[in-house]
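Chain naming follows the written order as A, B and C, and within any one chain the residues start at number 1.
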Amino acid sequence: MTTSASSSIDIKYLTTVGFTADFGGRGFHLPTDLAVRSDGHVFVMSRSSHTATPGLRIGECDIDHEFYGEFGSHGRGEGQFIRPSALAVDSRNHLFAADDELNRITEFDAKNNLVQTWGVTGDAPGQLNGPSGLAFDREGHLLVVDHMNHRVQKFTSNGEYITQFGSQGHRRGQFNYPWGICIGPDGRVYVADWRNDRIQCFAPDGEFVCLFGESGNGEGQFNRPSDVAVGPDGFIYVADWMNQRVQVFDSEWRFQQSLRGQATLSPWATEYLAANADEQRARESFQPVIEVDTDDPHEVSARIESYFWDPVAIEVDEEGRLYVLETNRHRFQVYETRS
Amino acid sequence: MVTSSSVSQTQLISHLLRRAGFGGTREEIDSFVKIGYEATVDHLLDPPTVESMPQDIIRRYHVDQSDLRIQPATGSNWIYRMVTTTAPLQEKIALFWHRVFATGQTKLIQGKVIMTQLQMFRDLGLGNYRDLLLGLSRDPAMLMWLDNQDNHNGAINENYGREILELFSMGVGNYTEKDIYECSRAFTGWTIANEPYNAQKMRNNTARPYGYIGWQFRYDDSDHDHGDKEFLGEKGDLNGEDIVDIICKQRATARFIARHLYHAFVSDELPVPQWPHIGPRDPEAIEIMADAYFKSGYSIGEMLRATFNSDFFKAEAARNARIKSPVEVVVGSLRLAGGYEWPTWDVYDANASCGFMGQSLLAPPSVEGWQGGEDWVSTGSMMQRVNYASKVLGDAERPGVRTMVEELSREVKPGNAAALVDACLERLGYLELEAATRQEIVDFAADQVGGLSGSAGESKNFAAERVVVSILQLAVATREFQMA
Amino acid sequence: MAEKRDKVLVVIQLSGGNDYLNCVVPYENGHYKDARPNLKITDDRVIPLDNGLGLNPGMGPVKDLYDRGKVAIMHGIGYPEPNRSHFRSMDIWHTAEPTKVGDKGWLGQAVQELDPNGENVVTAVNFSNGLPRALAAPGVPVASVGDLNNYGLLTGIDGQQQREKALSTFNRIYSPAIGSGAVMDYLGKTGQDALRGAEILSTAPGKYHSNVEYPDNPFASSLKGVAQVHMADLGTRVFYTQYGSFDTHADEVKTQERLWHHISDSLAAFYQDLEEAGRSEEVMVLMFSEFGRRVKDNGTGTDHGSGGVSFLVGDQVKGGHYNEYPEIETSALVEGDLRFNNDFRGLYTDILEDWLSVDAKPIVQGQYEKNRPFVGSTN
């Protein structure tokens, strides 16, 4: 469904879920993707740093700050990951995870048990080189952004190759290291064409429909967009990664607003501060938003804790809640959207 | 070393590239020989392009190199730049200032603020010394490193006020304890935004709840001591800017910086604490550099231009006379070997190796940085240095090594060992060996070539490549390769 | 034992800050239970020791050694003006220098005393890459071994024969006959020393015969390497190993227990290995961490604190508790941390003077109360 041109969108901040947990446990570490299950459980993939290997895992929680546990670990075995990149949930509530180093897709069932892994390295049809984005289409097929091959491939959930589209370049339908992907309510496929600084839209069969965006930091301009999401009402959200913001458009790509982030302390963070009275005291005089002496959005985000810092992945759930995952702050912010 | 009386242009340019950069490949050296020595100096000081692997690409793959919190991330990020830059002197000068203004994440905990400081060294490090010293005095990492957030009107903390004179500009013996006190007063109120919380996070060594908060300079006039001060004979309500102005006018400053530059770019000097007591190795060189400082209006780049074009820099005694720092060993090896066209996990190994050899980037052992020279070498670090270089230059998967091996394996034939070894040395950036060292490697090569016919089951080409690889590995395992 | 052997120190560094309260657990103490609502070790899980204290559930084998009187627990250890930075606090432990940045390691200085002329290049062997500051001292050679089975120079050269030839060429091109000048001479000597050390150490695995099975965990290979080198009689006096990370800001209960399982199981195998070879009497193990952790938990973990615990393990150790467990009551804490009551330089003095027989004063720079934890040392 698409919205009428005159509708506008109302976005309200709800909450922040997260905490720095670089060796595992309640919280995340340098997360790169999240997926929201139909029961409201949120799965967060912590890619973690090169050295903090216990930090690599998939955490399960919800927006009421319940932490259910974690699974997956660093390694080359089944159910393990080296460089995990993306998550998606299918209609059976199975969770799929991609690894852009192992060129492998891993499937877990609704109880987080390992079901299977598949994927062959290469550039032939059906082979993978750097899977970086996952989405299920309405037929239940898995779309994989095969980013080093600059294409999107379609598989059955068992990994049988169906089709592909895209090649390296700047023309319509071509990609330059694409990253995130989503399926709109109309079944269309949206791809964050990362190094072309634009979003491309395709018909369910992979036919090019449109592209939007150009390089820059103004409205409707992007600097390395990493992900895209479309709400049930047709509004489009772009994780404008290097501009450290989320841009919101209506279904006709008319600019609506830009979000910079307004994180608050999660209960996990509050509990931490309660255990560290010296920090809690020092935080009393803390000015969260200061006047900064730099124009570099990355540096601005480093200095202002409530702003998005590397907003890498976004999702909109069935109720129109927007989730923005920030790699460098180990958390996601949740917003309510209403059109 | 080869002691021919006439040093070739190739040898001189190789020397220059080892000092003003991380050494050249044969192709780089050959192309600079075509434009000549002085033009090469100009090129290094004013590079036509300043490019290295883009940060967006690095951050996408190495997610820990965006928040730059921990050392493996910061050091590796800098290694990327040093290995892939088209402006090697810019990195070399950043390394130089990182040693002189040694700031460590061992205390500051968050690495990003030091990466920002290093960017200032790139931007200002070859420019006007006044700009650099002022930038340093406002640099949040430096302020916190030397506790200037605790330097208040009426409650002086002398740490920064002392070190700016002792370590960063003039050296002991050119000012009094009173000057230190007055200088410290002038820097009261120079602090960072949100100091109480940021300082507490630093003290508690914590990245919780949501990672670090980047620091920002803040001048708090209400905490500044506006009283009259007298510093090096000049009087008034001096503020930090005035102090920097006065410091930069001193001949002692020019000489002190010159001696540091001499140590890093020409020949090893004594440790700084001995400078007040023992004069420089080459006083004339120091005066030439100091003159360039004043003539150019405090330009560090012009001090270096004067140095690189001087006889003392080109002298036989200066060539291959310095022990390479660990970073020079690692980055020099990687620039020869290639393999950094796209992000590679190898960068973490490179960074860790610098640490194993005794130079953990962004983590100098103290405010005095690394002394260098023979301090770099112990049995443990020697093992790391030799093994690192021979591993990297023996890895035929790397494009630079691949090219060498493909070209050189054609030269593997009986009776050609000497020519083969010389061709290997040439491709290692015209590496010069002692005659006896070279002869030993020639003997090794002859033995390897002689053994070729006996090796069954291996294709002839593969066997020849293996011979070339082992010669390259041995050549970079020499003492001579350890020198710059 | 037929001959009197030189005493040997094995250090196990617990990197990241081992939580004292959940390691040696005051599980009957009400203040402990109050401070740790989310991660107290409950009565049914703790391994009871004595005096109302118990061990972390991962430390079963340590309890067995304790019961045999081989484990000394050093309570409340720390230093004045505690520093909560991992780096700085570890540096303080390494240099025995809490007030200024030290440049010499306490064990490096000890090795200097044990082998003043650097005659044995393997007097100190470190099982990790790079040199811990504890072992750094001018002119002290230290072999840093990542993997004992693949240790040596030019390890990147393929083929046994080719590598041996390359190594013999290496030896010649580093000989004093080649080169001119002090720097080249120094490089030559250092290169040859490195070669010699590698050759000596590479003989160790071949000489080692044992039926003891080490556990399959990432730490065990370090202690197995120590056993191999020690039993090869190469004259090594100081071994250095490390394991972690104990930096349990989150998920502490699981993580700390897992790490202690790895260490305890490895330690039990190591001790058994030494005993079966009749070589346990001359070996003593020190386990320490850079700091303890905050008393109050943060929900799922604990943050950096001060006041910690160290252990000595060995045949010649008089097992038991040394010093008092610091008060856990809130009013007794310093900024939410335990108040240390046992200066680590006293423990260093015990080890330096009464184990390695070197003068402690120049190393710890002063006189500190000793614990006298060795058999034969008088209280």
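Basically, contacts are C-beta pairs under 8 Å (C-beta built on N, C-alpha and C of every residue); 3 or more make two chains touch, one makes a residue touch a chain.
The model shown is predicted, which means the values in this text are computed figures rather than measured ones.
S.K.: What is the identifier of the chain with the smallest separation between its Cα mean and the overall Cα mean?
M.R.: Here the chain at the core of the arrangement is B.
S.K.: Could you tell me which pair, A-C or B-C, is linked by more C-beta pairs in contact?
M.R.: By number of C-beta pairs in contact, B-C is the larger.
S.K.: I'd like to verify one number: the distance from the centre of chain A to the centre of chain B, where each centre is the average of its C-alpha atoms, in whole angstrom.
M.R.: Chain centres of chain A and chain B, defined by C-alpha means, are spaced 38 Å apart.
S.K.: Using CA atom averages as chain centres, what separation in Å is found between chain B and chain C?
M.R.: The separation of the two C-alpha centroids amounts to 34 Å.
S.K.: What is the distance, in whole Å, between the centres of chain A and chain C, each centre taken as the mean of its C-alpha atoms?
M.R.: Computed from C-alpha means, the inter-chain centre distance equals 43 Å.
S.K.: Mark out which residues of chain A touch at least two other chains, giving numbers and ranges.
M.R.: Those would be 19-20, 22, 268, 272, 276, 278.
S.K.: So which stretches of chain C touch two or more other chains?
M.R.: Counting only residues that touch two or more other chains, chain C contributes 249, 298, 303.
S.K.: Specify, in ascending order, the residues of chain B that touch 2 or more different other chains.
M.R.: Chain B, residues with two or more chain partners: 204, 206, 208.
S.K.: Would you mind writing out the residues of chain C in touch with chain A in their complex?
M.R.: Residue positions touching the partner: 245, 247-252, 254-255, 294, 296-303, 335-336.
S.K.: Which stretch or stretches of chain C touch chain B in the complex?
M.R.: Within the complex, chain C touches chain B at residues 84-88, 91, 101, 103, 121, 126, 129-131, 141-144, 153-159, 162, 165-166, 169-170, 172-174, 177-179, 183-184, 186-188, 190-191, 193-194, 197-198, 249, 298, 303-304.
S.K.: Can you check the complex and tell me which residues of chain A touch chain C?
M.R.: 19-27, 54, 268, 271-272, 274-278
S.K.: Quick check: in the complex, which residue numbers of chain A touch chain B?
M.R.: Contacts found on chain A: 18-20, 22, 30, 32, 47-52, 83, 177, 179, 194-195, 224, 226, 242, 263, 265-266, 268-269, 272-273, 276, 278-279, 281-283, 285-287, 290, 292-293, 298-299, 302-305, 309-310, 327-331.
S.K.: With touch defined as at the start, can you tell me which chain B residues reach chain C in the complex?
M.R.: Chain B residues touching chain C: 105-107, 109, 202-206, 208, 321, 323, 352, 355-356, 358, 363, 365-367, 374, 377-384, 386-387, 390-391, 394-395, 434, 436-437, 440-441, 443-444, 447-448, 466, 469-470, 473-474, 477-479, 482-483.
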